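Both complexes below contain chain A, partnered by chain B and then by chain C.
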Partner chain A sequence: MNSSRTNTGLSQGGIITMFTLLLLLLFFVSLTLGSNPLPLLKAAADAVSESPTIISLILTEIRLPRTLIALLAGATLGLCGAVMQGLLRNPLASPGLIGSSSGAAFGAVLVLYLGITDVVQLALPVGGMLGSLAAMLLVYMLAGRDASIITLILAGVAINTLALALVSLILNLAPSPYAVQEIALWMLGSVADKGMHDFWLLLFPTLIGWGLLAGSGKALDALTLGEDTAHTLGFNLPAIRWRLFLALALAVGAAVSITGAIGFVGLVTPHLIRPLVGHQPSRLLTTSALGGAAILLLADILVRLLPPGQEIKVGVITSLVGAPFFLYLILKTRRVQL
Partner chain B sequence: MTLLQASNITLSIDDTTILDGIDLDLQAGELLGLIGPNGAGKSTLLRTLAGLPGRSTGSVMLGGEDLRQMEARQRARTIAYLAQESSVHWPLMVERLVELGRLPHLTGWQQPASEDMRVIEQVMKQTDVEHLRQRVFDTLSGGEAMRVLLARALAAEPTILLADEPVAALDPAHQLEVMGLLQQHCNAGGAAVVVLHDLALASHFCHRLQLLDSGRTVAAGTPANVLTTDTLDTVYGIRGRPGFNSTESAITLPWELSGG
Partner chain C sequence: MLNHTTLSLVLQRWSVACILLLASISFPQTISAAKPQRIVSINLCTDQLLLMLVAPERIASISSLALDPHSSYMAEAASGHQINHGKTEELLPLKPDLVLASGFAARPAVKLMRHLGYKVEVLPMTTDIAGIRKNIRQLALLVGEESRGEQLIQQMDKKITAVTRRLSNSGPKAIFYQPRGYTSGSNTLQDEVMRLAGWHNVATDIGVSGYSSIGLEELLMAQPEQIFTSSYAPGTSSMAQRQLQHPVIRRLTRERPMVEVSYRLWICDGPMIADAVEALASAHQ
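Now for the complex of A and B:
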């Protein structure tokens, strides 16, 4: 039907299929690539046999969790970027903007500093989620219940600054250079050196977050017409805002606490998807999730293809590529306004 | 038949009274014009009638049901609201935008079905925007944009249309066109409340006018009864003998400021 066609002439389903195939390809490439190429079939066969071999251990203990975590975290960042931009009706919005990323970083860094992770592993994602939730609640309380977009963004900037200042304080107070280095490296953002237990820690809050975000497409579409019109179209905006905030805190908090702050994926992904599916927010959700997963996985594959030596963290790569894109967006917005 | 009945609508913020005990009723088939100087409370009253959140007190009954207690989607299928500064935040295509008007009829994951598409086609035809369907909203002229937004509102198949200054930014020809569409909606059994500043348009198109000043109803009734030399002077501070034609509908310009 006419309504399902997109700007490119491809159907929404066609684009989703295309992305899924791309992800499958990247998934297998990611499992194969590393400091040494892996004979995938043999490793998989060994993994299910009675006695695991070295290659099967590399597959199940190193490559598989790394790949799965990149998929989940990338999808969360892409999806949450699309939701944030729809909710705030601002193309520059991203999970970083309303404090969820920096709050999560503070929560996780605090847990690292206090050394709780040595005792309870679960402390890291819980710290991230609590930090993210606390930051978003503060933003929400600062901005007020019926906050306008501008107040919300200003409150987000204030809380971001506070969270990053607290992270600096912890770095400053860190007992040993080793702790400083650990925290600083974690902050750069990486999906390397994770185990399956990290994946399981990440999985459940992520799924709950995604579940809460699912079905928000129509409300985001209605918000295109402004808050008043969305309300008169039958949407209970305060309830929707709360649900989305909670979902973003859970999903982003979990992702950031496992991977560190991987910047710009949430911001950039929806912009790359729009030329394919158009600007309607509901059409961006699934596609941005798939796109975000593909981008993070691709970036992580690139990191592994770089010459061996000092390893470049994937968060550094996404920021190096993403920051100029952010500048381009600002220039584009300014041109439109002129 | 009374479709909408508001009684004793009052709103005070801090010590400022914005609305002071306003009564309003809307009959089926009626085009009601809300007029009054800037700051009279017209837009605030319209927002209350639309069920938008706010602190106003008093009751708004919609077909015997309390508007504030109504299920939001049921309300959205009965009342459509055109905001004063209708902005569209993403560059959507016209047919996508009109489709958003069907949201009150879709539940959960439901996508627009053939019945929805039929209504969308019908309202696009009615408002003469079919040829714009593939255009991006931002590229439309003022008159085209207003017709598209009206199509969006009509797509919900509402009984009642509430429009806040829908013609303020339009040239005379497009003003007539949009007012004509609102009239059409009322002639087809619906009803509309329209906030207007153009008294000539108001008297030409509206069955009844309600004149507000400082949050109070100063006069209500037919245009000829409301737009008297006296009310124009006391409420608007303008002098001018309103001239009505033989059918008592049109009003002549120009005015001059009172006093001096």
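Now for the complex of A and C:
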């Protein structure tokens, strides 16, 4: 496990370089694609000139924030999925399945439709974060500390259902006549028609969350040996748990409050990355973040390739791919348990 | 017995109810057969035309939306009337002799009321001012107020002509853009109002026909110089309404602010469409 080589023969650095190159490619593809293809160089030249043109406005004010938000939200989901699976020692743990995404959606919906965000913009990610934290703690308390895979997922299902019912309730009661039609937006998620103001709103809580998660690799590695061993190795588990819950809530809460609850990226990404880097959580974190960013951006590019008209939500694509993968994971888990 | 002077005085004040009351004393049967006296409207659009055409005494009930000042041009006149929510159980005790609805002809209440033998008239949804004239005439005929109907049409046409006389038809580019990107393309009331008020509706350039939702990128590609919007529910908040606050929209129109056109002026067909033409025309300055 300590060798720098992995089962694919690539070093960790090599894999990170590979993903970075892939992300760069996707980044430029994403800037080019939309309702109309964009001449990227000309748009960029116009953007730095004195009077912006229509194409430069599309580039800097619509495609760029859309792309950056997809990257940040995807990275958050991938990273948080990896951390949750390590922390809870459960292959099915992920923001979507243990309630933190739907809790975040509930928190964000509450502050947005009550009109609080019109007064304080920052209320949106804060609402998402508090909702996410509350949902995660509820699931954790319901399932107990040494929950089996199934108990934790069941507790997650219960809290998910509750949070989504509350989202529907608020959207139905909200004074805005547009609210009810936005249920799909929150439950499936979308990064379309966002602006740089959304990106800035997302950036800071995300960076703080990532920062808090960054140093957790060693602790998660120790946890794979069991809680007692981790404790013997000198890790203060309750403190670590709190720090991680807080960090997960910050990152997931911010992402969901801007994009809605995009499903399955957090669950699937770490499983796709493990064959490349091995099962050690510390090696999984950075690569899962990069992988999640690539997956979400790719899904959003696919959405834009579909025939124009009523654009489908990016969450539809991630769920269509992710749900069968989830079933496969369940079958695999069952085989191990049998 | 009435002499001619008193009768014409009453007529001048167009206090229809008084005439009816007096007339009905002498010929109760013929009058009630000719002019409905317990009219019920279950749609905002017919509510407003009804309030303009007949005396309040003849209106048994109007829909709840008629009271909403954001949607209803006749909100003030509507207050005090009994309201309904388009449900059959509310309508039956009113014993209406005419039920008016608009557009959504398949509504269950319309079907059921017809089935129960009530006289139900459904006015078609209009997409142009010619259709508004037709609807006013049709409704005026139904309630027996033809001359009042013609008067409304004349007033509307006069207002519109006053605006169009001083404008050219090929005006600057504009678009009607609502929350969630809803816009009005060709064959819509908003398109005709924009044209009459001297604006060129760019939604028609990008192929929008009827009502459709367009994304921000399409809005930018259409390159409007002026954006008109109508707040259906001002003071509320949603993702759809947030979209209108996107900073790129202000940059697109070079800081030229969006012009809010009161929703009640063009949500329904009616003579108030002339006020919408005036409002859009005054945005040229």
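For the reader, a short list of remarks on this structure follows.
Basically, the second predicted complex is superposed on the first by the 296 of 338 C-alpha atoms of A that agree within 3 Å, B and C clash if a C-alpha of one lies under 4 Å from a C-alpha of the other, contacts with A are read in each partner's own complex, and residues count from 1 in each chain.
Rule of thumb we're sticking to: contacts are C-beta pairs under 8 Å (C-beta built on N, C-alpha and C of every residue); 3 or more make two chains touch, one makes a residue touch a chain.
Here the structure is a predicted model, which is why all the values come from computation and not from measurement.
Of the two partner chains placed by superposition, A:T333 touches none, neither chain B nor chain C. Once chain A of one complex is fitted onto chain A of the other, the partner contacts of A:A174 are limited to chain C, with no touch recorded for chain B.
Touch criterion not met for A:T161: it reaches neither chain B nor chain C.
With both structures placed on the common chain, the touch criterion links A:L225 to chain B but leaves chain C unconnected. In the superposed pair of complexes, A:E61 makes contact with chain C only, with no contact to chain B.
In the superposition on chain A, A:H279 makes contact with chain B only, not with chain C.
Common to the chain B-facing and chain C-facing surfaces of chain A is no residue whatsoever. If you check the complex, the residues on chain A that touch chain B are 1-4, 89, 146, 215, 218, 221-226, 228-229, 231-236, 278-281.
Looking at the complex, you find that chain B touches chain A at residues 47, 50-53, 72-77, 79-81, 83, 86-93, 95-97, 99-101, 103-104, 106, 108-109, 111-112, 117, 152, 156. Of all the residues in chain C, the ones that touch chain A in their complex are 179-181, 213, 215-218, 220-221, 223, 232-233, 235-243, 246-248, 251-252. Interface residues of chain A facing chain C in the complex, by the touch rule stated above, are 34-36, 52, 54, 57-58, 61-63, 112-115, 117-118, 174-179, 181-182, 185, 192-193, 195-197, 310-311.
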